[in-house]
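Following this message is one structure expressed as structure tokens.
By written order: A, B, C and D. Residues from 1 in each chain.
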Amino acid sequence: MGKMMSSLFRHPSGRIGLVIIGLYLLAAILGTLGLTPHDPLKLFAIDRLKAPSQTYWFGTDLLGRDAFSRLMVGIRQSMLIAFASVAIATIAGTIIGLLSAWWGGIWDGIFMRVMDVLLAFPAILLALLIIAIVGPGTMTSVAAIAIVYTPIFARVVRGPALSLKQRDFVDAARTFGSSQGYVLTRHLLLNLVAPLVVQVTLALAWALLTEAGLSFLGLGTQPPTPSLGLMLAESRNLMTHAPWLMIFPAVTIMLGILGFNLTGDALRDILDPRTQRREA
Amino acid sequence: MNQFSPKTLLAGLAVATALTSVSAALPAQAAELRMAWSQDATGLDPHKQTAFSSLRLLELIYEPLVRLDADLNVVPAIASSWEFAEDARTLTFTIDSNAKFSDGAAVTSADVKASFERLLDEATSAAARSNFLSIESIDTPDDATVVFNLSIPDVPILVAMATINAAVMPAAEIEAGTVGTEAIGSGPFVLESWEPNAREVLSANENWGGGELAIDGITISVLPDEMAILASLRAGQTDFALLNDPLVATLVPMEAGLELNRVGVLNYNVLQLNPSRPPMDNLLVRQAMSCAIDRQEIIDAALAGEGKVTGPLTMPAFAQDPANLFCYEQDLDRAKELMAESGVDGFSATVIAATGEPPVAASEAQVLQAQLAEIGIDLEIEMMELNVYVDAWLAGDFDMAVAQNGGRPDPYPMYNRYFTKEGNLAHVSNFPDDELDSLMKQGQAETDPAKRVEIFQAFESRLAEQSPWLWLSTGYSYTAQRESVSGFTPSPTGTLFGLVNVSVE
Amino acid sequence: MSYVVQRLLTFPLILLGVSILVFVAIRLVPGDAITAMLGTEAGLLTPVQRETLAAYFGIDQPIWAQYLRWLTGLFQGDLGISSIYGKPVLTVILERFPLTLQLSLMSMVIALSVGVPLGVLAASRNERPSDLVVRVLAMLGQSTPNFVVGILIIYVLSVFFGFVPAMGTFTPLFTDPLASIAQLIFPAITLGFAFAASVTRISRSAMLDVLSDDYVRTARSKGASPMSVIWHHALPNALIPVVTLSGVEFGYLLGGAVIVEQIFALPGLGRLVLDAITQRDYALVQGTVLFIAFNFLVVNLLVDLAYVALDPRIRIGRR
Amino acid sequence: MTGLLSVRDLRVGFGQNPKANEVVKGVSFDLGPGETLGIVGESGSGKSVSALSINRLVDFGGGRITHGSIQLTRSDGTVLDVAKADEKTLLGIRGRDVGMIFQEPMTSLNPVHTVGAQIEEAFRLSKGLTGAQAHKATLDVLGRVRIPDAQSRLGYYPHQLSGGMRQRIMIAMALAASPRVLIADEPTTALDVTVQAQIMALLAELREETGMAMIFITHDIGLVAGIADRIMVMQNGVAVEQGETDGVLDNPQHDYTRHLLRAVPHFTSGKAVRDDGRRAEQQEPIVKVDNLVVRFPVGKAWFKPKGAIHAVDGVSFDLVPGETLAIVGESGCGKSTTARALLGLNSKTRGEIVTEAGRSVRPVQMVFQDPFASLNPRLNVEALLAEPAIANGQRRDDALRERMTFLLDRVGLPQDALTRYPHQFSGGQRQRLCIARALMLNPDVVVLDEAVSALDVSVQAKVLELLVDLQQEFGLAYLFISHDMAVVERIAHRIAVMFAGQIVELGEARAVLSDPQHSYTKRLIAAVPAIERRKQRFAVDMTQVPSLVRPPGFEPSPAQWREAGDDHRVRVEDTP
């Protein structure tokens, strides 16, 4: 892991990506610990819709809350949803993709058809239905995004897994009589880390976008805990009143996604077996 | 849902001048009004539809017997005059000779009788049926007169008839069962075409009893995003628009060439408590909450100042000045005293609210959460999709609920469903109270207007003092128009009937 | 062509899966069509009134009976009647589909006409300034939520240009091509913005891969000019991944862009389903979701066929 | 005679700072018109980079000519220094003056254009021919490179043709511009021996016809002996020796050239065969294979299959402890399938494989061809070596670690290898790792499937020596699969020649190599390049490898054998 981090830092876009994600994580941690300039939930009644100033760096919102503190908590919320949903999708998708490639035959057929059903189902509507059934909120957003993204992960894993299955070192393992579990974890899974890591960063970017979209439709995180998407949605009708309420969350979302995409690109270059082989 | 009582009931009776056609000077060339709103009608059957957006459309196509003017007085519509018997148990209407349906046929007493029979028939599942249970029989001595015989003295029934839910439709349509699809009404406009959630095209109804219109039609576009409506107004693609969100409404005056019409409405924003769930069954706790909240700050923060503090009664004729209602000035010390007295040192509860319905619901919940925290009440906000919220609300399955309920010109139809023993929605308020129940019954039967005001003001004071709900504010209904549009008079009921006098350069 | 037959055989299976999923999911959502229509007034209904309404909405029978009735109807191409529109579901969908189809096509055209040239330019000028500029632009394109782009476009147009695209209803292409294109050009740009970014990145990386292949070196050894190396030799091979990506993305767009339709007030498939869910119009929700899923499968099949058409190695077997 | 091409002190470097890491360090040579220069060297010697500098294709690979001059005399007599020329003039000489053919036939032709179109493009670029003219010119150049029924082949795509056929297309494309010098960068390395012989014959013939000069680059000094007038030997970017072919081959001056000629395996028609193991009659075979058949269905799985590929059709042989049986044959003859069937990697359709219970629970182990692919890149050496033991229940304890270090040392790898990863080793070292892994379970039999083919020639020699030592020390039986006769000659006790899924000749190594009986074995041995056969005329014949797809239900005729010596059997051939 350390090796990947150091080479990531040397990669030009990787460096920028890491710096952005670092800032994001820092803001999220501070937000969780409550080390924010003001209490994000406290209403400063007299200071409603104030422009960015010394006391309120990013200004205040309609209810008089400090936008900067809310942004920090918002980052935590959006990151939490993004990481949680992508984690679930990665684990579920990898297991399905791996087993479906390894077993092949009817299992492959069944798994892939189920994945097709989820993929054919319009993504945003699947999210809407899940949220309508269970009620909006953080956990539902996580579930909705995870369910929509799992089939994509399954496909991303199944492709390379199929080609890895043909590789000589898997045949070699068979000649030793290595157990199926050993081959699946040490040989297939370990070599899937490269495509997976790249897909995870792209999925995180996508998850941030989707959370923002769901909040825009009023189905994402629910007040009073802010998420970036919710702050964007709340600022929608105040666009002319208080443009800063929209600009800062929008830029933060873009920056976050940019950070994930940059890191993803850098990882793709670093982990790409072709580049590795040239180095050897 | 929107029945209204007259300012002075009996005085109105005397006024029976048949409104002859009002023909303002006709502009040279009648133009077409391009209108926009964010929520579209959900159906065309006036007896069945209850959503605000549906009523706005149907009020232009159908007509009830009587209507309410901008000052909430009962004025003639299809009926040119009406008369209550001494014991208020029979009500006679005379039909305006000019009243015609859009297909040219005259409106007769048979149509009125058929319409009310359809209303009362359970098979129609008309929501407004509960307001007309007192009708025993309907007589039609001749084409122009209709007599309603009531089982009990029911003064508010006249106001109940002044809503589109009591619209009159051709008897033939009722037999043919095409009421929901063919919109044949006697209103000022005829529905040419309807693409749900996209566009309605209305044309002026030449046969309208109310006379000539200044415009020859309206096309209404459905723009779900209200900022898009504003942009469309600004770009001149729309002449007139109905707005829901106060935040967007406050932007209109700042735009060159746009005007905002604003009128106080009878609907009220309220924090409904659930007295059946401890500790809210304890009166002192409820009173403490009423004293703890600062209603004006909620208006300033959540509604961007667009509202005014109100007690339970929102209609000017009956409402008392909120200042002398129980604890309408925020008094934290008294609130803390009451809490201490109640023996409950703070509790946690969830408050439900519907996302976007009304648009300010989420902000109100957050301000209330902050204010109630001052006296140790830890509120958790649970936002819900509209229908999920309605489901929970109807079942009374909530600790607290941020709501915006419909108001009426007469207190009886407004609150009989919640605070009378046999009210249909008694299980929503969960507050059976004999005194409130008897006051309601007296108000229904009392014919003398002065006495009715006294009765209902006592009813209002008790509600404020008992605080089963915390009444917060009343808002405004907004319409925006370009300079080229003139002549629109907004109404507290939110109806767009004022469009009949509108003209466009 | 047995490959196509094999794929077609999987369609009914997948669509059945989708139909069961949507049928159950929509019914799990609390609040039925009655509450959706009457709102809080539904509390005033007497039991008899409630039953007549339930019968009208067809939600009075047990769930499996409803599913069977709907399924049998499905086989005769009858998707049931929409309670909002009072019209057959298929007619309502086909009224709304042209907008979504045209919007998706326009976004794809924009995405490809911008994305592919930029990608090829960046690849051929690898590691030089123009490559970096294109990469940053593409990165930004992919990081911007499309509704932010939409909101900004509307704001700028209406404030600075005093113009806003026609909203509310849709002028079909055939009745008035100019107006129809004018109406959809800005929403298409909003959707096409992120789409173009991903096309740029895919074409760039595909071109870079192809340019390092042996046959490009052979072409150069024959004295082929730089232009013909890029456009005649490299691009046809680099197009394969681009076609796959844009095909899948096009399939998603056909599902209706709910948010962009909301902002530009366009009555497309996205809003149709959103309104249908809000008003609990079960037949309409089921019909539209099936329709969108069917389109998605057809587009994916077309992408695979395009794949075969572009790559002779797959089209023609060994000998 | 005026030189066609004279290269003086050529230096080529790569990366941001080409001067710092140079791959070609001062190479000079001359080439007269019609003359053929053979450049011999192992990978990394800079031979390909020097070739790619002549038409400056090296620039596209990230290389830069840092020093030196390349004087090229063009057809119109003018002399041009290619090292200094700008891209526009270079466009002029590529194709017209300097043609090129490459090593990988699989990837050197554009997969999405037809073969005909790509040749016509060459004519259009160099001679400006278009339409019907280009079409006719393409047809006749295909005839010159001996492609049967050229008319129908025009419409084919590269993937529809065999390796040899594609290399002919490459040659046709180069010929289209009738270049003054043709650079052939290892054109036959990826081809089978018999196909290689045909391509070499074709190149020799075309050189006579057109009188064009040629630079032939290869790692196989035997191959270059047959075609080059002069030879240049390169090592680490320097031309260590250069001169007339006979002079360089007969008395090499530089010891690297001597190493290439002597230490590296060269085919000597059976003289260099092993003499250390006589097959004692009474020894019980450790492995017996009887009438092995392996078939793969063709066509749709659930419909009735349209036929089957008869990869292995009735193969029988046995293996005695301590003995090496080599199976030799060209690609597609079924040798690898047989080996994999022995390990259970391919399921056999019929026949038995009997393995005596040997010293370990897994008596048969395998070493694969590609050292890169057979080691999991994500595991370190310790995990790699431990895998076989763990798979059979042993725990990772000191005893196991001890065995690992012992084996690592035994195969000549450094002690600290345990903690390092595969990509930190060279190809040769990795193959030693595979061998060590195969020996972890102390097997009786090791199947080596083309185990040295992917290695450089000098590394090949060392690995073969290691294998022989290990065989003697541990009494291992080897089943050695290979297409390279020189390697087989050095390691095999007995040889089985396979063709189209059947063994056509089986016997003691010296007998089979020095006195081949079966027609295919004769053709195979004749095609192997050897240093003695210089300037030999190869007969150009066009026999195609037969297709192995048989209709359903097809059974081959039972094999009749003819004894040609005490341990030398030949399959009776149906047709003479």
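As a working rule, a residue touches a chain if its C-beta (ideal position, glycine included) is under 8 Å from a C-beta of that chain, and two chains touch if they have at least 3 such contacts.
Bear in mind that the values here come from a model prediction, so they are computed numbers and not experimental data.
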Most contacted chain pair (by C-beta pair count): B-C
For subunit B paired with subunit D, centre-to-centre distance based on mean C-alpha positions, whole Å: 90
Subunit A and subunit D, separation of their C-alpha mean positions in angstrom: 48
Where subunit C and subunit D are represented by their mean Cα positions, the distance between them in whole Å: 50
Centroid spacing, where centroids are CA-atom means, of subunit A and subunit C in whole angstrom: 22
Contacts with 2+ other chains: residues of subunit B: 227, 385, 388
For subunit A, residues that touch 2 or more chains besides their own: 132, 236, 239
Residue numbers of subunit C (touch at least two other chains): 29-30, 151, 155, 262
Chains grouped in pairs wherever the two touch, ordered by label: A-B, A-C, A-D, B-C, C-D
Partner subunit B, residues of subunit A touching it in the complex: 41-43, 45, 48, 62-64, 131-132, 135-136, 218-219, 222-224, 236-241
Subunit B residues touching subunit C - in the complex, by the definition given at the top: 1, 36, 42-43, 48-51, 122-127, 129-130, 180-181, 195-199, 221-225, 227-228, 230-232, 234-237, 385-388, 390-394, 405, 417, 424-425, 428
For the subunit C and subunit A complex, residues of the former touching the latter: 10, 13-15, 17-18, 21-22, 25-26, 28-30, 135, 139-140, 142-145, 147-148, 151, 155, 252, 255-256, 258-259, 262, 270, 273-274, 277, 289, 292-293, 296-297
Interfacial residue positions of subunit D with respect to subunit A in the complex: 340, 343-345, 362, 364-366, 368-370, 372-379, 383, 387-388, 390-392, 423-424, 434, 437, 441
Residue numbers on subunit B that touch subunit A, as the complex places them: 226-227, 245, 247-248, 250-251, 254, 297, 300-302, 304, 355-356, 359, 362-363, 365-367, 369-370, 381-385, 388
